[in-house]
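Before anything else, here is the set of structures, which you'll find just below.
Across the two complexes that follow, subunit A remains constant while its partner is subunit B and subsequently subunit C.
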Partner chain A sequence: MGQEAAVGVKDGGGNAGSSSVSRFVSVVAPLLLLASLAAVPLVGPGPNIVRLLFMTLTLVTASVGWNLIGGFAGQISFGFAVFYGLGAYTTALSINGGIPPAIAFLLGAVVAAVASLLIGLPTFRLKGPYFAIATIGVSEAVRVVMMNVPFTGGASGYRIIDKTRFVQSHHYYTALVLAALAVGISILVRRSKLGLALTAIREDQDAASDLGVNPFIAKLAVHALAAALAAAAGGVYARYSLFIDPDGVFAFRNGIAILLMPIIGGVGTIWGPVIGAFVYGLIHEEVVANFPQAHLLIFGSLLILIILFEPGGVMGLLQKFLRFVRARSSVGSHS
Partner chain B sequence: MAPILKLENLTRYFAALAAVKDVSFEIEPGGLVGLIGPNGAGKTTLLSLVAGSLKPTSGKIEFEGRNLAGAKSFQAVRAGVARTHQIPKPFRTMTVRENVEVGLRFGRREKAAGATKKAEEFLDMVGIAALARRPAFLLSVGDLKRLELARALAARPTLLLCDEICSGLTETESGLILRLLCDIRRAGTTILYVEHNLRAIMSVCDPVIVMNYGQKLAEGPPTAVQNDPSVIEAYIGKKAMI
Partner chain C sequence: MSAADFLNLFIAAVLLAGVYAAMSVGMTIIYGVMKIVNLAHAGFLMLGAYFVFEAYDRFKIDPLLGVLLAFPVFFLLGMGVHWLLVRRIATSDQPTLTSLLLLFGVWLVLQNLGYLIWGNSDRAILTPRTLSSIEIGPISFPTIRLAVFVVAVASLVGLEFVLHKTWFGRSVRALMQNKEAGQIVGVNVNRTAQIAFGVGIAFAGAAGGLLAMLYSFNPDFGASFQLRAFVIIVLGGLESFGGVAVGSLILALAETFVILILPASYQPAIAFSLLVVALIVLPEGIAGLWAKRRRWA
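The block that comes next holds the complex of A and B.
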């Protein structure tokens, strides 16, 4: 991540005009976005658009979750498909067992949080690329195991028998509430003592430890929170789709997608993962439909281009724009 | 008076190389103790062992009556030992104030309320309060050294480990830092000060401990150490002495 992007708008003073722009970006724009999204089913744009936005909102939740550990703490994980899949399967099994959906989502989150601790205990002893490599291994191992678990249907997949009537808007609002909750949690973590520890760990883990931060516990805690959010997203998706299989929810490409979204939007920021999820969610299906053999190449190339030319992602560009506006208005007020 | 820090036969090997070997000494509370030695003498390794950044191969580190050998660095900080680094390690994208807040909130007396104001007091103490809102990556080497000191002090240590805090600074900047160390000592914090610059250490420290090839060579008042033939030999060689 670019240093300027990470520092954001904290540096420097700015005048009334630029601070009102900042306030709009940080407060008014998110509220407008939330209100607009809440109004979508009421406007009646058609089931396909609602489905596309539903999928995008589940991606927002997973992306914001990943950003807690990958963005705030700098621990790049390729293994979030594990938590997404565990959430999907736990929710599916729970609903089929007669448990209400809301509790089923919660159970999925708890199972994923416990799994994250089991994964984190050995892997957080690794640093830098070794942690990332370990998460690839864990992700593939869990997928292969799930292919061979008989009571969830193995590779054939698992069908959910949801006795409640299917109302698309209910699913949509569930995904919206969850996404808003994820962003709220992200803001709280960022402003908390844990958030301060995570930023310190990302910058220099040894220096953080030399000032009293316990990096292992901080990473385990935020990994569990991140895993719970990704699992809840997987659960919401499973209940909507009514059928899940290991090659779908545990696929390595899901882990890549969850990582790609915050990078597109701006890793380590609050709104970057949201923006990234919307960009990815809204173009993903079109890209897959039009370039079925090359869509992974396209997203991989996009990842490389962003890292090379704009590590701050869309948020980095936005902050550069805000600085430009501030500089222009400052020149104007002095002339 | 019971020593605040007591090292007994402290040893650290890196493969077959003994970076620190059988080092024993005690530090009285309220002291400003200098630790000197030529390059590769094992000074920074010894500091890292006390700070918990490295684990000793053998030996004891007794701090305020507690055995700290093998404790992790965050545990050492919470016990009351904080360090600065020879090469500053700022949290680059954080502001200067946030850097200090990490020490404040994770050190010994963690309180969220008033952390910002308190952080600015520590910055004021080291003379960089005006830079509080600036990102750390914009700071000069001298200011980064002061930030290292402010962060470590914010953790409220009873034992402060300073690793070559004057290296890379001008004479004037060094003088200010040395005066600051004396003030910190007067305020009740014990200091173990590792330095390459003999003049700096001789002017403020008493006693002075000398290391060479990982072992303690001498210990005593600055003038006695300065005239110790083994110390002179370690620094300038036998031939030069003759």
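The block that comes next holds the complex of A and C.
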């Protein structure tokens, strides 16, 4: 039963249906998406659209990262703002220290991966809700500490002095490459032995460890990978915005956003978190602008509705729709 | 530090522990019966605070009386939320992803309804009691803290009575120990779960009212107390009422005495640090420790 549930939420490239359709969905469509996104700055839609897409792409990276631990392994984290923020701060400090941006992002990822162990080591040994609970606490604790740490300016924030000329499309392509890398990592994890182990852990941890999977190590590893991706996204954002503060990057609402996106798109799938990040990234600012007081009310209600009626998110709806169309067409061919 | 200072801090910690226990016990009941971590707890704490505030502001109802009124009101509200949302999701003997996310969504909705209704300015409940204090020799403590402590402890004693003397209470304790065995002896799981959820929310609402008498609040109010409640029930072993009392005392003592060595601005990080320490040192909580000692003895 568990196995079926895992396959049921798998990405479009399943065994059902004709192979040409599934090859299109799993190979051609992503390449088309990548190519059109790469072409965006060349078409010149104006800096505001590019900025919106840039933000959305950093969200894709964080969302895909969250999905590794939250979706594949089924360990819900409310605290990804911690990694996002650590990545932002590490990158900021490194760039100000004269380190090239690419290495600065990598340093941010490493710092976040190490930090992820501090949450994982005490909680992943235990079964139960401990991990989810701890992630709520760590978010608040780290924000409080960062508000009081003197060498990053505490609550007043930290400014990045980037000596290179500002070219928006460079930032955009950085975010695009990172998002593509994140999706690539997600696909590799899913197809690897680790991915199978994570699915087994999600469905039944005791059964998984009976079959020789070490749940503790597997969860620690994928949590570190997820944290590194979220941190890199935070770093790319920090280099673009040139100013960060604890209430901005470490805010609990960032952790909420990073969790909402995969759930909107379809948790535990390859493309769900990407779709969710685009949905959230593109409508989020409009919603905030139109309903400044109520935007989290709207996203909260959306979360409740998804959980009650379509836990598979957009991907789940798509699959239902495809099945419906296929059933219709096969009925049509018989008559 | 003189002995009087120490005693003052100790009494402050004990008085704080009473409120902490009242605010955590609702989460324990819900977890015990349904294996659901109520992430919406913070939202109901906040609503409880505004309930008592509005009752005092509009109808001149004494806040302590307001807290007593909050019990039935939030009991019904909890039953309603259970009927509308919580009963629709599957439960198991482990907290499910679905339940965590559903109740997290409820929290988001409640918190932002709060912002919509009351805005984001801080409110406080000020009565003549708020600023008076009782002095016994060198020891002094605010009257309001004592009053809040008394109400909190009285409500816990009331709960203890219900749990041990009524059919509902026995059902709750049976389900906490073993769900299947409870069903075999005739406990109606759904009915008990609904009432337990109501009781849990009733305690959340009342505790929110009690906290509102001690601290100023806004719609974001419950979050830090929700974390404290988590820490307390983890310290207590998740399903033990005695553990909640001890866990509350430990957290209150840690938070009170840590200001002697750390700046007060770090205080919100204490609860989390204690959680991590507890998970490493005492993964089964204090109740687990007791169980172990019993096994050895």
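In this text, the second predicted complex is superposed on the first by the 310 of 335 C-alpha atoms of A that agree within 3 Å, B and C clash if a C-alpha of one lies under 4 Å from a C-alpha of the other, contacts with A are read in each partner's own complex, and residues count from 1 in each chain.
To be clear about the criterion, a contact is a pair of C-beta atoms (placed from the backbone, for glycine too) under 8 Å apart; a residue touches a chain by one contact, two chains touch by 3 or more.
The model shown is predicted, which means the values in this text are computed figures rather than measured ones.
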| item | value |
| --- | --- |
| Between subunit B and subunit C, more extensive residue contact with subunit A | C |
| Which of subunit B and subunit C A:L196 touches, first, second, both or neither | first |
| Contacts of A:D210 with subunit B and subunit C, given as first, second, both or neither | first |
| Which of subunit B and subunit C A:R159 touches, first, second, both or neither | neither |
| Partner chain(s) touched by A:P122 [first = subunit B, second = subunit C, both, neither] | second |
| Touching both subunit C and subunit B, counted on subunit A across the two superposed complexes | none |
| Subunit B - residues contacting subunit A, complex | 51, 53, 72-74, 77-78, 82-83, 85, 89-95, 98, 101-103, 105-108, 110, 112, 133-135, 137, 151-152, 154-155 |
| Touching residues (chain side subunit A, partner subunit C) in the complex | 74, 76, 78, 118, 122-123, 125-130, 132-134, 136-138, 140-141, 144-145, 147-148, 252, 256, 263, 293-297, 299-301, 303-304, 307-308, 311 |
| Contact footprint of subunit B on subunit A as seen in their complex | 1, 3, 6-7, 10-12, 193, 196-197, 199-200, 203-204, 206-215 |
| Interfacial residue positions of subunit C with respect to subunit A in the complex | 37, 39, 85, 88-89, 94-95, 97-98, 100-102, 104-109, 111-113, 115-116, 223-224, 226-227, 230-231, 234, 238, 263, 265-266, 268-269, 271-273, 275-276, 279-280, 283 |
